[in-house]
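Labels A, B and C are assigned to the chains in the order they are written; within every chain, residues are numbered from 1.
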Amino acid sequence: MGALALAINNTAWEEAGLTDADIPTTWDELLEVAERLTTEDRVGLMLTPEFARVGPFMLQNGAWLVNEDETAATANTPEAVEALTAVQDMLATPYVGLTTDAGAGWGGEAFGRELAAMVVEGPWLMGAMAADHPDLDFRVVEMPAGPAGPGSMFFTNGWGIAAASPNQDAALDLVRFLIEPEQQLAFARAFGPIPSSIAAADEWAAEFPELVAFKDGVAYSRTFPTMTGFADVMSDFNAQLQQFGAINPQAVLDSVQGNLEAIID
Amino acid sequence: MNGTTVKRTRTPVRPGRVIFWTVAILIALAYLYPFVVSISGAFKTDAQATNDPLALIPNPWSIAGFQAIFSSWFPRALLNSVVVTVFVTLGRVFFNSLAGYALARLRFPGRTAVMAGILAVLSVPAVVLLIPRFLVVTNLGLFNTYAGMIIPLLADAAGIFIMRNFFLSIPQSVEEAALIDGAGPFRTFWQVVLPMATPALVTLTVLSFQGSWNELAHFIVSANNPDLAPLTRAVAAVIGGGMGRENRFPLQLAAATLMTIPPAVVFFIFQRRLMNASIGAVKE
Amino acid sequence: MTNGGDDLSTNTATNAPPIPARGRRPRRRGKGITLKTRQAVAGWAFVAPVVVLLGVFLVFPIIMALWVSVSDWSGAGSPFTGDFVGLSNFTDILVDGGLATRQFGTSLRNNLWYVIVSVPIITALALGLARIVSKPRKGVGLLRTAYYFPSVTSTVAAVIIFQFLFNVSGAINHMLAWVNISGPNWTTDPRGVLHLALGAIGVEQAPGWATENAVLGLPLWEWLSGPSVAMMVFIFMASLGASGTFMLIFLAGLKQISPDVYEAAAIDGAGRWTQFVKITLPLLRPTMLTVLTLSLIGSWQVFDQIFAAGEAGGPANTTLTPAFLSFSWSFNNQQWGRGAATAFLLFCIIVVFSLIQRHVLRESSTVPRRKRFYK
């Protein structure tokens, strides 16, 4: 499991004359850095038009789709609208772009093909870069914070046991074994997933310092709301976001609010 | 078609004729262009495919796309396609000719009802059948099996009509002769009538081959095991970007080109038949 | 490419006479099996496999799906374990006004525009191509092969090729650049073609009545969007693939028109265009009916290419079709009741459109006075 973080193309960074001190920690700094990194063939920052990339900005402004215990929908609070508007404003500048406009399938592709100097992605980025663009020199840092503090989104995988399985006890034992810190570290060494067990955290951080940003972000992250039917709400939200330049943030979030209210009962 | 021959006089080339041929050939080129591009793109490098898509000759040549698919899922998918197509085609030919003959020549109670039933079933749009087919396949325990992929496709109402129409056109004297010789209905069918039905059988074979090779929707609902996926399903899985997958055009184009070769070959060999069959299959 | 799996053969069941026994009645004694019985047994034996197949894999499943559409089965176990929920699946989709309604409305709008744009294009192309190859000239066979070739390829291969051609830096945009047109990012552009056209003539804002009123959860202004740019790629794909098949049908129809009719008209002074409009088209009416019916039925079932494209109806749900929605609700969301209900609604839509189209193209028994070109 890991949280979204900011991936930076080191070569582009140095070419633009930026140093470690310039790593952005606020929205304004993010925009400045994006401006410095933008060249003719390359945008400073690229995002995918979907909730999973807008969410961190919402959280950074103190807003979220639902409240803490998922009993009420909070999608169209003023803070949420501000956050969405802020992202829209960023996209309106020539320094921040959408992957869809560049013909890239996702942030990693845009990053690897150097269509963007920075992207917001999760730990899966590492495997993709190693496979498709092994020569790219990059680093991963935590996302900048917003007006209300840091925020990101975390994602994880899970083990599933079939409800109709005749071997449920055995399956349960297996899963218990697989999530032990030892085993999670073994997975991490073999092909990358970040352990979810806190006990494994320090040992893992020592072995994989370049991925630490993904782990540290989890502390201030939230993930997809878990109500049944959320997948549809999210896909509708994402569909509306695909015309990012033209949308009315208030209207979009109002519709999301309405959809969420329908599934929270 | 013209019985008379006209002495060729040296008439000037009419502009109408030039325009006609120019337009006709341009359209033909436009229709073939996508496939030419596909073949040439399959042999390009990733970079050239993205940056220089118009170039018809790859430079440099690269078979990386082909290597990538052959070293992973392609051979298995090819096998699956072949297995399914062979069994579906054989099954359809056999069952449809049996039923077509019975509906054309054998008198049995309820024949009209069966005809009406087949006609009714013919009119249900395929999309309505997606979910129902899945329900049946799953409930018969055939999900993720070759049987589940093959058997439902054997139900082919249109093919029954093709065979029936053909059998109706065979003169009855042949069967009467067989009857005098003491042959029962099955022997009459198998040894006398069927051999005469070669044209229709070939047509049915070709149509069934094409239909099952290019089928996609049924394979989506009848199996989700990647080892069973035929070419259509397997190739569809490499399309598009998305989390962790890039647009690898040469790879995709290689897959697309290869999977089109069998139907293309069958088409070139049996063109005339195919085209006549398409016309004949839809009579007003 | 339209789903060409449906066949509209309307042969009526002719009762072929049974094989006559030569001159004498089959003897009943001794054998106990008459010719008639043998035929009946054989008949049933011959059709049994097909009847079983059609019954088990077509008729019975449809009944099951009908049940599922009025239940809330969620995919586990037998479909008959769901609870009866009456018409609530249908009302969720049609009346409720929530997300499901809006998704259904969107899919309906997308498919409607697909039909409106692609059917005329395909029909006109098919007719034109048929005319080109109907003249017995040298080389026509080659042309026919070229025109028909796209129809033998699978939807998946076509999607790959067209996504490559219409990529933002692909062949089509390169060619448009020759004439100084900056091509859009075809496959990710969700803007409606009609909206773009209206924008080009200055209608930028949606008029009030169009944004206030909504049908199926979708504002009227959105209904008037036309197919999206991304949907146009699918329309081009279908035009290439389906025109070949329909060209053959028109070819058959054209061949049935005797050249004498044209000669007579030419003698009367009718030019080529007049001949086409006043002779060819009316005589092609039955063929036109066939082509339009097949084309309508096929284009309302667009599914394969949407699935293959991997965007799940994107961008912005503008390539979502009712067929895909039915699939997606069932297989992805495990909302089988809704999926089945959508499939049956689609069936009704197809039937209605076919009936409308047949009515419009019906043969009138008398030619109205103003249409006669004889005095």
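Just so it is clear, contacts are C-beta pairs under 8 Å (C-beta built on N, C-alpha and C of every residue); 3 or more make two chains touch, one makes a residue touch a chain.
Just so it is clear, the model here is predicted, and its values are computed rather than measured.
Of the two chain pairs shown, B-C and A-C, the one joined by more C-beta contacts is B-C. With centres taken as mean CA coordinates, the chain nearest to the overall protein centre is C. The geometric centre of chain A is 45 Å away from that of chain B, both derived from CA atoms.
Here the spacing of chain B and chain C, counted between their Cα centres, is 18 Å. Centre-to-centre separation between chain A and chain C, using Cα means, comes to 41 Å. Among the residues of chain C, those in touch with two or more other chains are 167, 169. Shown for chain A are the residues in touch with two or more other chains, namely 103. In chain B, the residues that touch at least two other chains are 240, 242, 247. Taken together, the chain C residues at the contact with chain B in this complex read 3, 5-11, 13-22, 36, 38-47, 49-51, 53-54, 56-62, 64-65, 68, 78-79, 129, 132, 136, 142-150, 152-165, 167, 169-171, 174-175, 240, 244-245, 248-249, 251-252, 286-287, 289-290, 294, 297, 300-301, 303-304, 307-311, 323, 326-327, 330-331, 336, 339-340, 343-344, 346-347, 350. Every residue of chain C that touches chain A in the complex is listed here, in rising order: 76-77, 98-100, 102-103, 167-169, 185, 188, 190-191, 312, 314-317, 332-333.
Across the complex, chain C is touched by residues 1-2, 20, 23-25, 27-29, 31-32, 34-35, 37-38, 41, 49-51, 53-54, 95-96, 98-99, 101-112, 114-119, 121-136, 139, 151-152, 154-155, 157-158, 160-161, 164-165, 168, 172, 175-176, 179-180, 184-186, 189, 210-211, 213-214, 216-217, 220-221, 231-232, 235-236, 239-240, 242, 247, 249, 252-253, 255-257, 259-260, 263-264, 266-268, 271, 274-275, 278-279, 281-284 of chain B. Interface of chain A with chain C (complex): residues 100-103, 163-164, 231-233, 235-236, 239-240, 242-243, 258-259, 262.
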